[in-house]
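A, B and C are the chain letters, set down in written order, and residue numbers restart from 1 in every chain.
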Amino acid sequence: MPSKMKNLLMRALKTLVFPACVCLFFAIATRGKLFTSRSVLVILRQSVLPAVVIMAMMPNLTLGMMDFSIGAVVIASAIIGGNLMNMTGTGIPGLLVFSVLSAIILTSFTGFLNNKLRVPILVIALGLMLVYEALPKLLFPGNDGGAIIKVKYAMLAQQPYIFIVFAVSFAVFYILVNKTTYGHNIRALGGNDELARRAGLNVDKIKQICFTTSGFFAGIAGALYMASNGQVNSPTAFSSMTTVMDAFLGLFLGIFLSRFCNVAIGLVIAVVTMTTMSNGLVTMGLDATYRDIVKSVVLFFLLAFSGNQPYIVRMRANRKRGAAADREYQKQISA
Amino acid sequence: MKKKPILRAMQVNKNFGPTRALVDVDFLLYRGEVHGLIGENGSGKSTFSSIIAGVQSADSGSFELNGEPYLPRNMVDAQNRGVGMIVQEQGTIGSIDVASNIFTGRLEEFSKFGFVNMKQITARAQQILNDIGAGDIDASAPTMSLNFEDRKIVEMARVMVADPDILIVDETTTALAMKGRKILFDLIKRFRASDKAVIFISHDLGELMNVCDRVTVLRDGRVIDTLSGSDITEDSMRRLMVGREFEDHYFRSDFVCSYDEEVVLDAQHITYGSFTNLSLQLHKGEILGICGLSDCGMHELGKVLFGIEKSLTGRVVLPQDGTQVKNPHIAVKKGMGYLSKDRDRESIILNASILDNVELPSMRLLSNAVGYISAKSERRLAQEQIDVLKIKCRGPKQRLTELSGGNKQKVVFSKWLGCDSDILILDCATRGIDVGVKAAIYRLLEQIKKKGKSVILISEELPEMIGMSDRMLVMKDGKITAEFRRSEDLSEEDIIRYMI
Amino acid sequence: MKRLLCLLLTLVMAFTLFGCSKAPSEPAGSGTTASTEPPKDTQGAAGAEEVTTSVIPKDLPPKKVAALGAFSGNELYLQWRKNLESLAEPFNVEFQFVEISGSEDLASMVESLCTAGVDGIITQMASESVVKIAAEHNVPYMVYCGVFSDDLMQVLAGYDNFCGVVAEDDIVAARHGAEAMYNAGCRSVGVVGLTRGMSDMMDNRADYFIERFEELGGKVIATDYSIMKFADSISTFAAAYPEMDGIWCAILNESIFQAVTTEGLVGQVKLGGFDLSDSSPDFYDSGTLVFSCTGQQATIVASFAALYNYMYDGTYLIEDRSVTVPRSFIEIGNSDDYADYNDYVRYSTCYSAEEIGRMIKAFNPEYTFADYLAMNEAFSIQDVVSRAQ
């Protein structure tokens, strides 16, 4: 087999070994209930929203910026999109357009502040999280900051439409990250911003674009969130972060998998794996609290193992070598 | 044939606060010339070259490039005007592939409507790498998979993308082994041959003599003199750099192999990295030299002796009390010191002050019975070392990031002098240090030896080995291939035979 | 510039701290205040009727009552507010509605209100420390729609200012829900609710449904208790348990209906639970929704009656304050029930000021605790309709 093919196969195996183990475990633990065609579709469908949220977070994360306000942006854009859709009677297209536009405005504002104030993004994001959580209440006091859409608009969250939305989002994300100068520049900047700056990259401009494109995906996530819930209330006291918790867990796993495969693909596989785990635990009847603990512990062990794997491999090799050297030394002495 | 000037600097000044880094510097660079720039640490040569390369701007003065006023806004602007620089530190981005590193900031040339053609970029990058003689580096490989030398070569390729008229090489050769040096020197030859110019900055006087057509000597920010032709000798360069003749011997004046019988460090069939079942002993008052090619295993040996890495077999023992050196904590506690080859990553804390760095291994000496350390004693310790090693700085509180490379190396050295270590393991201790300070370090080593302390000197510079060691161990492929005792007749040729 | 901004920020924070350290004339966090007119010393009008024989005296002393909880965000919360506000003028009470979010400390809020001089507190939440604070200020404390352990109730009853708890009987409703679903043909149901331990009320809604449903011979094939992720759970159940023919929800919010629609379960499963949502009528019409219960909006005024008794002259309406007074839910089983609820209950105040006035012993000495219990138990659509006629 040509070495390139072999290399590709090895990387594919490494990428899929953990997801495969998860699937196998839950296939056995749920006695096959989790892998009926319907269940698989449910898993895939439930993976779309966190996957899109991760797409919103990824570019900023590549630059070392963890934007915690993204959850608040998703919910705010859901509410704004839902209300404007109702007001204008524009249906699902309206929901998408208004959600995306509002999210882009919000994240662009976050980026603008990040560039101008030169304050750590953590501080800005936490502050803006509260602002974005309160924003729907200011804009729509009559609805008390919430939005309700009719059940017929739930079709956006149903198959096949949700998969179409995902396919389009993924295609855009993949192309942006891998095939554009923007994607390359982000990776360069994320690697060493001083060197990138010296090489002529306009750092502030790239960061601003990062936030703006993040808003595009956050808006799509907002529209999906609205469609799948039907009613979204304005969150308070950082509760918007729980919306994106599953996405965070998937993100860490995705970063781990991206060592073996393209980052966009790694993230999608990661999200599907985490959703499979969630569904499997639900099917097994495990309480929500314990589910979160199990998912976190599994992730913890996985990341600890992968992070220490080179040391383990080296340790084994050293032990072997040490034994051989000792034997040789004994031979020399006896000789 | 009259040479045409390509770059002219007139009355260039640069200050960093109260420090005058450059004072009325005039400089002329001709086409087809390799012009060396030397000086002690802090003499202003890196500052001057970085101004030319657009990294920073001068406070006053002017430049002309090909007869036109030259005032680059940044490095990119300088590159576009035909000036490229290879820096001393790491200059590639690990998170992207080699081709992307080579074309960072220029991807627009290969993109349409924002979509980048990676195939084209990779092909072009490979072409450039082949062109400079580095065809073994895969342009599509992740940069982080390359070693330091290959990454430096990638930097060279990046500089060549812009096809500069002036190439500035800033103390790059110290980081390169044979392959990298060959590529660099071939590039320099090519520049000369194509009527372009090179500014070559190095501490290696031999190198400067071999490569340069002219050498400008800087001292304390001023141009002292420009040597050319046969005037370029090691002695003349040294003299101009330090401002005095070297009346004393540069290395040790004696040729006597002298040390006590007492063994202070005993390595018993240790195995690690490229060496297996290696044994050696260090005696009291001895300077034990270990030399070889860069990958012979001597650098790893130093780490194992100090306890940084654990030997897979055998042990390292301090026979006086039978202590086994298992880790650096024990080593330091027992009066050992270690100076790493990789200074910035392993020897100093860049974001800390000189004082913080110097006092690190000396805490137990500075503290009183209840563990209190007075600020006065800290300052005194740091100032002592600054004075002894003549570290060019504003004071003990200055951060190391603000010091030149050579002064940083002095701070590393001062760390271990400050805690009065009995056994010093020095790995390439004089790398990147100017001759004046090198000489001072050699004097210090002599004094240390006289006090009955012991030194293991690991170096790739044979003159240093021959000049300073009582005994010399030559390593090759992880084995000790020869042992030499100090002698007036010992030559580099005698040693090289066992190295290669 | 950065330093200037930091200095500015520090000054703002310092001034805020200084401002907050003073005894507030209005407690922090009270985003909404009573929309009624300020209390008049003359007379409070007795509701819509000009009844010369109103049981409520005309010259009631002005009182200020703080209502703590959620009064916006959904229909129920708005109904609570509306119902309470309807009593403002007749009883000459100024209501101060204080929204509490999760991050605010109830104790400090109560202390601020007591310091500000409220005459009574009505709320969904209680703990010994909070009631104690109110006791130190001699402020009566009344709870509506709250579920507490027996031990805590015993402790609270030890405080003179504690007037008692009135809450809907989730246990009875849950059992009725189980019967309704079983009678509708369900034999294998999935149950979704809030995370266990977060609320006794929510736990009861699930536990007693399960208990009764299993008593009847049905089977609970899957459960999931997670904070607001019901939609995902339903999708998972539907996929993993094709035999599922019913879903019981501790809170029937819109996401449940969305999930049922998304999964194509309309007409395939029966739905039951607590609370109503916008899609409830449609699901009743389709026969999917077979049981839901509501009516909590009236509990607050029933609680007010007990509070006002104590506020007026120190009388305890609730004899044994260590026992929660149960109220009936309005149970809706089909479209007709829903129509009646919509027409007669949803937008009404359920109890008129006059009816509440008759619960004040000082105004109506013959009123007893037994009457009060019966009133609460009798609550239903028919009850509301008959009283309105």
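Note that a contact is a pair of C-beta atoms (placed from the backbone, for glycine too) under 8 Å apart; a residue touches a chain by one contact, two chains touch by 3 or more.
Computed from a predicted structure; not experimentally measured.
> Chain with the smallest distance from its CA centroid to the overall CA centroid?
Here the chain at the core of the arrangement is A.
> From the centre of chain C, which chain's CA centre is farthest?
B
> Can you check how far apart chain A and chain C are, centre to centre, with Cα atoms defining each centre and the answer in Å?
Chain centroid spacing, chain A to chain C, equals 38 Å.
> Could you please state the distance in Å, as a whole number, between where the Cα atoms of chain A are centred and where those of chain B are centred?
Using C-alpha averages as centres, the distance is 43 Å.
> From the C-alpha centre of chain B to that of chain C, how far is it in Å?
So the centre of chain B lies 75 Å away from the centre of chain C.
> Contact residues on chain B for chain A in the complex?
Spelled out, the residues of chain B in touch with chain A are 55, 74-76, 79, 91-96, 100-101, 104-108, 111, 114-116, 118, 269, 271, 276-277, 312-314.
> Which of the residues in chain A end up touching chain C in this complex?
Going through chain A, the ones touching chain C are 30, 33-34, 36, 38-39, 41-42, 45-46, 117-118, 144-146, 148, 151, 154, 157-158, 227-231, 233-234, 236-239, 242, 278-279, 282-283, 285, 287-289, 291.
> Show me the residue ranges of chain A that touch chain B in the complex, using the header's touch definition.
Of all residues in chain A, those touching chain B are 175, 179-185, 187-188, 190-192, 195-196, 198-201, 318-319, 321-322, 325-326, 328-329, 332.
> Quick check on the complex: what are the chain C residues that touch chain A?
Listed in rising order, the residues are 2, 5, 72-74, 78, 101-103, 195-196, 222-227, 229, 231-233, 235-242, 253-255, 257-259, 261-262, 277-279, 282.
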